[in-house]
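Look at the two complexes coming up: subunit A is in both, with subunit B in one and subunit C in the other.
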Partner chain A sequence: MALVDLMVPKLPDTEVYGALARFPTTRALYRACERVRDAGYTRWDAHTPFPVHGLEKAMGLPSSKLGWVVLVTGLGGAGLGFLLQTWVHTEAYPLVISGKPLFAWPAFVPVTFELGVLGAALGAVIGMLALNKLPMYYHPLFRSKAFERVTDDAFFISIEAWDPKFDLEQTVALLRSCGADEVELIPGEAAAVASASDQAQGRPA
Partner chain B sequence: MAQSSDNAYNDPVSGRAPLIVGGHDFHSLTEAVAAPLERKTPLGWWLFFIPSLALLGLFGLSIGWLFWEGTGIWGLNNPVNWGFAIVNFVFWVGIGHAGTLISAILFLFRQKWRTSINRAAEAMTIFAVMCALTFPGIHVGRVWVAYWMFPLPNQMAMWPNFRSPLIWDVFAVSIYGTVSLMFWYVGLIPDLATVRDRAKTHLRRLIYGIFALGWRGSHRAWLHYERAYLLLAALATPLVLSVHSVVSMDFAVAQLPGWHTTIFPPYFVAGAIFSGFAMVISLMVISRVAFKMEDIITVRHLENMAKITLLTGSMVGYAYGIEFFIAWYSSNPYEFGVFVNRALGDYAWAYWIMVTCNVVSPQVFWFKKARTSMPILFVVSIFVNIGMWFERFVIVASSLHHDFLPSSWDYYQATFWDFASLIGSFGLFFTMFCLFCRFLPMVATAEVKTVLPEADPHDGDHKVRIEPATASGAATAEGIA
Partner chain C sequence: MTDHARAVSERQFYLPSSGFWANLRLIGLAVGVIAAAVSGLLAAGNARQFYYSWLVAFLFFLSVGLGSLFFVLIHHATKAGWGVVVRRLAEYTAACLPVLLLLFVPIYLGRAELYHWTDAQAVAHDHVLSNKAAYLNVGAFVVRALVYFALWSFLALLFLRLSRRQDATADEGLSRQMIRWSGPAILIFALTLTFASFDWIMSLEPHWYSTMFGVYFFAGSVVACFAFLCLLTVTLQQAGCLRDVLTLEHFHDLGKLLFAFTVFWAYIAFSQFFLIWYANLPEETAFFFQRTEGSWLAATRLLVVGHFVVPFFFLMPRSIKRRRPLLLLGASWMLLMHWLDLYWLVMPNLHPEGVRLSLLDLTCFLAVGGLFLAVLGALLRSGALVPIKDPRLVESLEFENF
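Presenting the complex of A and B:
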């Protein structure tokens, strides 16, 4: 069950999913992230069309632990590859070819290396997707028309409603005071179920 | 700086040429890259696609006839048991290597100019590996037992021989293809999300949306994403060097004079990068004009690639010379005999085509005029591709046709079906490339945006402490719904 819990996205089940603020430049976004971080918010995120250099410092995020995943899967792939070859030539099918010894470990190096790389690469890709909880085809942020620009030229901060510090008025005021061009409240699950037309009457893009 | 608009000349203040020209901002870059995917299919695309598809049909026909009739339709004979199939295989694997070099090695060296060309070069890698993998699959004669190449449990309790370089090759090339595909796809995710968010129709949004995996540009996600990209680059770098080294061991581990040399792994890797860069130049010279991307894939990008072509071409030329020197220095008359025969014997015509194309023709790239001239770049890159195909032909045919027993010496002559499978494999490659240009973003948009000056949140100055923003920004904010 733990694995399933990890894969299923957890979202606030409130009327309002959270506040979404749009910023005009990377510089404005960087400053705003510093202020949101210093205000003590924890369930929030920045959304950008490309990785903004050093933004994790402004957000107070720790560095990625993906390297450890890759180390384990890489060594696992190499180890299994070496064991496979050893088992094939000494146990399963011990055949002398060209007078080479059965346990010819130097000849096992290329395949061991290649399988190590395969394990590490699979670990990097699958590990990255798992840590990012992707694929996730449903998300309340996709209800925002303005949010479509996140993959083009706009920079956003979203603060989720289940953040202990979240307060409708104060959070929106904070985002505005950070220099947001536009602040929008994203309807949450409860609102979406109650009225599907909420989003249509939301903020203009 | 009269020619500064083509980006080949340095900025007099910073001393470096800008990476992107034409005054682009984030949005105009998105527009420029998305345009070929969103406008009506241009006539020119069909003019490339239909002939490519026809050649792909020829490929299918030649493979079908091969399966029906057997390898006797090729010009193979007793000493020359390996012909075009292995030549084409090594040629295509080599082409692929430039894509990985651009995407992985230049990434590790922080060569920011790579961002404009890495997507197309990686796509080229994948299509080249597809072409390459076809040949070992079809050339085994008894194709219905091709699965013997893989360590699969079977009713005969039989296993592959892991002490043979041929099985190393199966692992090296198939894992290379797999890792390249993953690297390419990871790079594509943010750009697929861009296409998704611009989609005008529901179907389009759905299809691109499925492949974009619900990407939301979250910085928490970018953090893991960038680490994954860095790790994949760090893994692909030794992988690409190992792949062509392993390919060269198919030859070098054999006892045959002309193959049994220790220089082969580095010599093959240099040749692979050389031919791959030539192919990238050929493709980019055409597609940057066809898809109106001269601002993004600039003359400077092509000039840099021409420099790498010159370097690797000279390395290949050095390897040709050292091979001869060692053959003479070894005092082994058989070894030296093979090399004299290579330059002056039955296959001398192929040898001198190889030397002319690979060693002589790239020397024009010592001159800036040649490196920045589109016609010269295109012609030389085609020459290099021809030369590198002949290099593999010379290694295979000239070494095999005079083997240990003079009574079995023979001359290998390719048949119509040999040529059909060679030309047909280009059909597969160009069909895939046309589809790629039409349906996927040709340039890594998210990455290119990071090299624009306004992407830097510190305005280029890391030392200045950014003062907290004032409340003045609130004036522009709108009310709440």
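Presenting the complex of A and C:
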């Protein structure tokens, strides 16, 4: 149960989750991102079927902290590898090999290097998943039928309702003025649960 | 994602008609000639020191030229787009290689002082050297040197000529021709560089051998080339050239390559040490014993820290590679460390007792460097600083890192 909780985003319980706008092309999306960024929104995201180069600039995203994670796990792996070998060769199993001293540091370098690479690689993969909050099995945007096209041929911007700048009318108007084909409001947690139980009891949503 | 091609004024493609760069050929020539004369005077009292210092200086600029030739070749072999804007500068630097044949003359003249294996009597009484005499003899040494210079000059001038012909004709076929040449050229490059490093550096201690030595010299050369290109591009921009041509994206990539080959150098340097340390054969370990005695131990430690540990962490962050002054600092430091690397390879044979810096180290460096830069200055003046009609030029101008 606790693990599943981790994989579902924790969101404020509001009537509306946010606004979702669909754009026909990467260019339109790119321009819209610049406008949303310049309007001062902070809790929003862009969704595309494939990586769009330069979008992070248009969105005004800061550079990723992943590099620091990799640096720490890489150096940690290397340090651990070196200490492990030192302990094994001088404490646990002190054997004279090839006439070398017990603490023969040059012989430790290849394994130290490899464990450094391993630590960096694991740090990169796990850190990337953690920073992206993945795996995430459910997201309020899945309530939108139109959003299914995000893995096919459409480009989206979603702005969350608890963004300090969010205003139902103004935000929708901004997205429309950016050239969105379609803007819809995604129901929030409470509204979605109510609507689901209505449907289950046969009442119209 | 750039919507509009950047507008670049044509003037930036050429050197300004006055100032330091326009007169580099004269400044370099003056410095070179004066420093060579001073070196000659100083050499009168200490010929051995002169030849060794000259060899270090010669190898330094040789490695910059060879590294640049490698960059040109690998650029074509990989059909690279990003680096078109810096390729011409590497072509010019590589085209300075022929003049090094002239600067090789003092090494030929000093062969008896530099290379123990030229002493016929010593060789006759030395089992190892008499067995190596089929390779290590003056005749073969000279013929090989001429072959290396002929091939390097041929390749460097071939690529420069084809590239410049494209400036005039805008013929895309020339790009394909350069790509076709690049494969066999890399093979020739690898073999000649390897054997040149055996001939000119490894044979200073003719009993010692390391099959990795060619790669070691190669790794240092490429580090030197990218450091030199960073230095050249940043200073050219300060003079107003290439201002809107070379962006932070290009500097970022030059920095990445400098970082990568610094790590590659360390990898090769350690591998060479590691195998010799592990096998522990007396004829191989002598090289490292010599370099851990007296003050050479300090030089060895400085090389490990200064040529690897410090630049590894300094050049790693993106923010350093994307700041011209910091990249310039890193590149200058790497050139200094590359010089130390060559000094460390050559000088223990002259001063086994410890590091003995000499005024000749400086004057020989200025003499070789002055003449090298004089030729580079003349080449930079002779045409555009970028391949202005290269089909990938626009791609390179708009290049961005992701």
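Definition applied: the second predicted complex is superposed on the first by the 187 of 205 C-alpha atoms of A that agree within 3 Å, B and C clash if a C-alpha of one lies under 4 Å from a C-alpha of the other, contacts with A are read in each partner's own complex, and residues count from 1 in each chain.
One rule holds in what follows: a contact is a pair of C-beta atoms (placed from the backbone, for glycine too) under 8 Å apart; a residue touches a chain by one contact, two chains touch by 3 or more.
Please read these numbers as outputs of a predicted model, since none were measured by experiment.
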Would you check which partner chain A:Leu11 touches, where first means subunit B only, second means subunit C only, and both and neither mean what they say?
-> neither
Using the touch criterion from the header, give the chain among subunit B and subunit C with more contacted residues in subunit A.
-> B
Based on the superposed arrangement, let me know which partner A:Phe108 touches: subunit B (first), subunit C (second), both, or neither?
-> first
Tell me which partner A:Gly99 touches in the superposition: subunit B (first), subunit C (second), both or neither.
-> second
Where does A:Leu80 make contact in the superposed view: on subunit B (first), on subunit C (second), on both, or on neither?
-> neither
In the superposed arrangement, which partner chain does A:Gly54 touch: subunit B (first), subunit C (second), both, or neither?
-> both
Which partner does A:Ser64 contact after superposing on A: first (subunit B), second (subunit C), both, neither?
-> first
Classify the contacts of A:Ala32 with the two partner chains as first (subunit B alone), second (subunit C alone), both, or neither.
-> first
Common interface positions of subunit A, toward subunit B and toward subunit C = 26, 30, 52-55, 58, 63, 67, 98, 100, 107, 110
Per the touch rule above, subunit A residues touching subunit C in the complex are 26, 30, 52-55, 58, 63, 67, 71, 98-100, 106-107, 109-110
In the complex, the residues of subunit B that touch subunit A are 25-27, 30, 151, 157-165, 167-168, 171-172, 175, 178-179, 182-183, 185-186, 190, 193-194, 196-198, 209-210, 213-228, 231-232, 235-236, 238-239, 242, 246, 249, 446-447, 449-450, 454-459, 466, 468-469, 471-474, 476-478, 480-481
Residue ranges of subunit A in contact with subunit B within the complex | 25-32, 34-35, 45-56, 58-59, 61, 63-64, 66-67, 70, 74, 84-85, 88-89, 92-93, 95, 97-98, 100, 104, 107-108, 110-111, 113-115, 117-118, 120-122, 124-125, 127-129, 131-132, 134-139, 141-142, 147-153, 156, 172, 175-185, 201-203
Residues of subunit C touching subunit A in their complex?
-> 1, 270, 273-274, 277-278, 280, 316-318, 400, 402
